[in-house]
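One chain, subunit A, appears in both complexes that follow, with subunit B as partner in the first and subunit C in the second.
Let's turn to the complex of A and B:
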């Protein structure tokens, strides 16, 4: 009897301790730190809502400018990347469903592999492709522009590398879901004279509604955390027009000079709230429309 | 051929096939060609950067500059690789690769241990408040990770783990996602198995090790693969935690390369380094492709 009551501690305990130390504690501390002035070295000094007031309403402060510029750029990234990261994998999955398409495994592998390449390695290669003198844009398409240093090209190269690395995951989810849809549904729709588009909108889409909601919410939340792509591709330029919120947060907390971790924590909490609200909203709206 | 099918499978097919035949003749080709064209164009766009990166790593700087964009080198040379492998001071790429392999392997091994024992606890054991505890932790883990980034650094620092492999090996073990998957998977295993083992006098450790562990191999392999590639490709965290060039993993190292071989003055070296960093995960994919691709079948909730 005694042995029985202690055994769960051995199984669940180690992870519980890790969870407390590496998720619970830092989350609580992160919220606490957002109400303090903190340089990561000394103890944080409580300042109440000062950080939030500065970030949200002190128009003369650089933190205000940074936060809203970072948020704007993050939103641009989300707005540009998420629709493509949903639509393109869906189109690929549908195209791969064609009975006569050969080499399905190969095509799938080619589209999936970039997702396994780290952003820093991928960026080195893609920057060469977008290089004015040496790359494809300059040599093959005759572009005279330095893409990373001019808009809208800076956003284009960030989105290109994101889409290149990002379609594989969702593609596999959609393929698995579509292959689970009953073939008889398609066949009877075909007999009723429904064309491919009609079959897609009235059979495929409703049948894969849960994976669609799931990928939409997850892809969006992921996109809000964007960091590597703009850092590697444009370093936030030109004129901070691609500097996303995560880059400011990292810069304030871990950049050169004294750390401004309290302010950075407040920005992190605000970004976290935006992610939470948007995820909840997406889930709510899509679930309601679907049923 | 089609007659045979008709005869063998009976009436149902016989009714359908006269309708399907003309449809296939009319409709399939067009949409099929569109599908083919679409997929081919995508595959070409997707594969060109990788090939371009590989072939450029075998070209000399002079050749790259003088001939501009070419998919294949005029002269294949190994000099770039010799140079980058010999650089052990400013950009010790071999060192970085060894660091990454150590980090990703150790992390993956520990993930497998942790998620299997924790999953067993939450799925197969009975204790007070089990499900409440599980769903509380799961709920907390949904809170956006960006909030705990800065304090996580402080905690790692307190442990003395800044610039050590532990900074990347340990914190990720606290995640709930894989445990959720393992728990779901374990719930699908009939309870009778445990019961009969218990009747034979086996304790929980025994049941976990000899009954459950062999049965959950598929889900452990998938979680292991994603833990490995996730750890290998992690970028934000290593960029924050490592300042010591000798201790960092390859993803963080490549960020430095942009400055060291900067502005594409040494293109072949840059490409060679990027390719070396890609190879391990690529090999993993080639050997374990079916697990990557079928991974989603494990997650019934997503598949819908």
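Let's turn to the complex of A and C:
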């Protein structure tokens, strides 16, 4: 046997094993669980499509209400956070390219560090900032609102902490890709009389097409899985208007009393499908427009 | 082909390593608790004191955040099941129905002092299902009402405490008398307060085993508590009423026994503790829970270990004064009858029979779902953000739907 033929196996093998154990098997088991009634302790009882039927069509069921309320709130979060998490880092990355901007590395670090802080620690800080009695919003800006308990303020604080924590990651990707764009392109465009906006739309954007698609798809998928921010900042309130789907899923599977893991799995599978479809659409639309 | 075998072996070795994590030590009692934070340190100290007595089998305390999730994982795989665990009172009926708790029979036979007479009655009986004892109690931790002595004096409200029952009417009598920024009561643990009112009103959360959430008593409980909020006497919606009590702006705080240590650390806060306010002067209830020692089903638990567990529990029965430091009402009568226990603020709740009786532990099998429903909606109902009747229906359905999801299991 040719020695060389083993090399690929050694490279792919470890990842493949980890993928099977930690991603593939749990996913398959999760999908299986969604067709069962299961309390995590006793054996799962096969119920076919019952869970899906309840979630999707039994309008009187608590799980129907929870799923659609959770999905609605998740979509609101995605709709609010993703555009900001794409546009703002892109603007910062472009701005940092300007010749007169000093301390680029420092600014980049300052913007990136929040992403390294755990969501619980960050939430404590931000909750204090927005605290009516102790916080800056109340004492400096004279805000009389209890932010976490009133809309639209509850969403605002969730988005603020999300953007604060999420700007740095995408910005670094954009900076790296912008720095890879040939300087000659900009120079010749400038000679041809292209202004900064024209240079941005005609050179920068097309050149970083793939990083843009990548960050857009990944940020969206990440936003669909939002959990920590609303849990810590508003605990789903007021009146469950910020309870996102992941919170319901977790409450069902690991909440009070006996676990309702089958129903939770079904909701998780449906959420996964939504993410899959939207990501595929995004990729398709952006890639087609770009080419 | 030899190399192929080599690869297969590597793969097998890796999987073996991954599955070999965790194992049973014959000479250690693995003891899981969900006691994070300071409670965990007090328990560490108790375990250390026990191990210092040089028992044959030592106890290893493992603080397990997310313990119930982990319990379901280890029970499923049958590996790494702890020898002893602390579970909450409301978990007992469900666990017993699912058949995952080992009765304490053998442990109690070996240690004759581990018996009902030596513990607070409700802490003991909450672990008794159909005549079988599944748990031995450590404590009762209850919803209680702290009061700011200085504020009570300022507003001439000390008479509220005369009969040890602060009624909602008494609270309402302060309407219009408070300075701006002061409040009569906060909304800490509001769900527990509602659960107490249900008892005060003679209601219950079940009828013949069926959940009873949308009931007259529940409605009345909400309406009564809502009166306080409607009168503007409750700390504003969404604000940290617990903090406002510590800041000295609130007369009464309805939080837990365990908060006494935190309140005590606030400089200048002159406080004491009494019963949760009530709808009537005739009855008072403090909704409580209990930390219970329990053994999860585990075929690998040897008789020697059960002996060791018995000795440990007997040690705790005699020596859990340390646990009083955590603010909890110790379940062992030997401890609470010790004069030293009177130094702890929570000794108020074991000072006489009526007080002991007021510590109410719900033992309905589906109590956790009922509590979840109440906790989810209580604040909005009391603040008038939602329609009461409609929400009670939603809550009833919430509990019924959850129960229905479980009813094919554990049979």
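Observations on the structure shown:
Just so it is clear, the second predicted complex is superposed on the first by the 270 of 291 C-alpha atoms of A that agree within 3 Å, B and C clash if a C-alpha of one lies under 4 Å from a C-alpha of the other, contacts with A are read in each partner's own complex, and residues count from 1 in each chain.
The working rule: a contact is a pair of C-beta atoms (placed from the backbone, for glycine too) under 8 Å apart; a residue touches a chain by one contact, two chains touch by 3 or more.
Remember, it's a predicted structure, so these values are computed and weren't measured experimentally.
Annotation: superposed three-chain arrangement on subunit A; subunit B versus subunit C shows a clash. In the superposition on chain A, the chain among subunit B and subunit C reaching more residues of subunit A is B.
Residue contacts after overlaying the shared chain place A:15 against subunit B, while subunit C stays out of touching range. Legend: residue contacts after superposition of the two complexes on their common chain; A:61 is shown touching subunit C, with no touch to subunit B. Of the two partner chains placed by superposition, only subunit B is touched by A:23; subunit C is not. Looking at the shared chain after the overlay, A:133 reaches both subunit B and subunit C.
In the superposition on chain A, A:40 makes contact with both subunit B and subunit C. When the two complexes are overlaid on their common chain A, residue A:164 makes contact with subunit B while staying clear of subunit C. By the touch criterion defined above, A:254 lies against subunit B and subunit C together after alignment on the C-alpha atoms of chain A. Contacts of A:118 after superposition on the shared chain: subunit B is touched, whereas subunit C is not.
Comparing the listed stretches 6-14, 60-68, 96-104 or 258-266 of subunit C against subunit B after superposition, the clashing one is 60-68.
In the three-chain superposition model, subunit A touches both subunit B and subunit C at residues 21, 40, 131, 133, 254. Here subunit A touches subunit B in the complex through residues 3, 5, 7-8, 10-12, 14-16, 18-19, 21-27, 29-31, 33, 40, 91-92, 94-96, 98-101, 105, 107-114, 116-122, 124-129, 131, 133-136, 138-140, 164, 172-173, 176-177, 180, 187, 190-191, 195-196, 207-211, 214, 221, 224-225, 227-228, 231-232, 246, 249-250, 253-254, 261, 264-265, 268-269, 271-272, 275-276, going by the rule given at the top.
Those residues of subunit C that touch subunit A in the shared complex are 1, 3, 7, 11, 14-15, 18, 66, 68-69, 72-73, 75-76, 90-91, 94, 98-100, 236-240, 243-244, 247, 366-369, 371-372, 376, 379-380, 385-386, 394, 397-398, 401-402, 405-406, 408-410. Within the complex, the subunit A residues that touch subunit C are 1, 6, 9, 13, 17, 21, 37-42, 45, 47, 60-63, 131-133, 146, 148-150, 237-240, 251, 254-260, 262-263. On the subunit B side of its complex with subunit A, the touching residues are 16, 19-20, 23, 27-28, 31-32, 34-36, 38-39, 42-43, 45-50, 52-53, 56, 64-65, 68-69, 114, 117-118, 120-122, 125, 127, 130, 133, 137, 140-141, 143-155, 170-171, 173-176, 179, 203-205, 208, 229, 232-233, 235-236, 239-240, 250-252, 254-255, 257-258, 264, 267, 270-271, 273-275, 277-278, 281-282, 284-285, 289, 292-297, 301-304.
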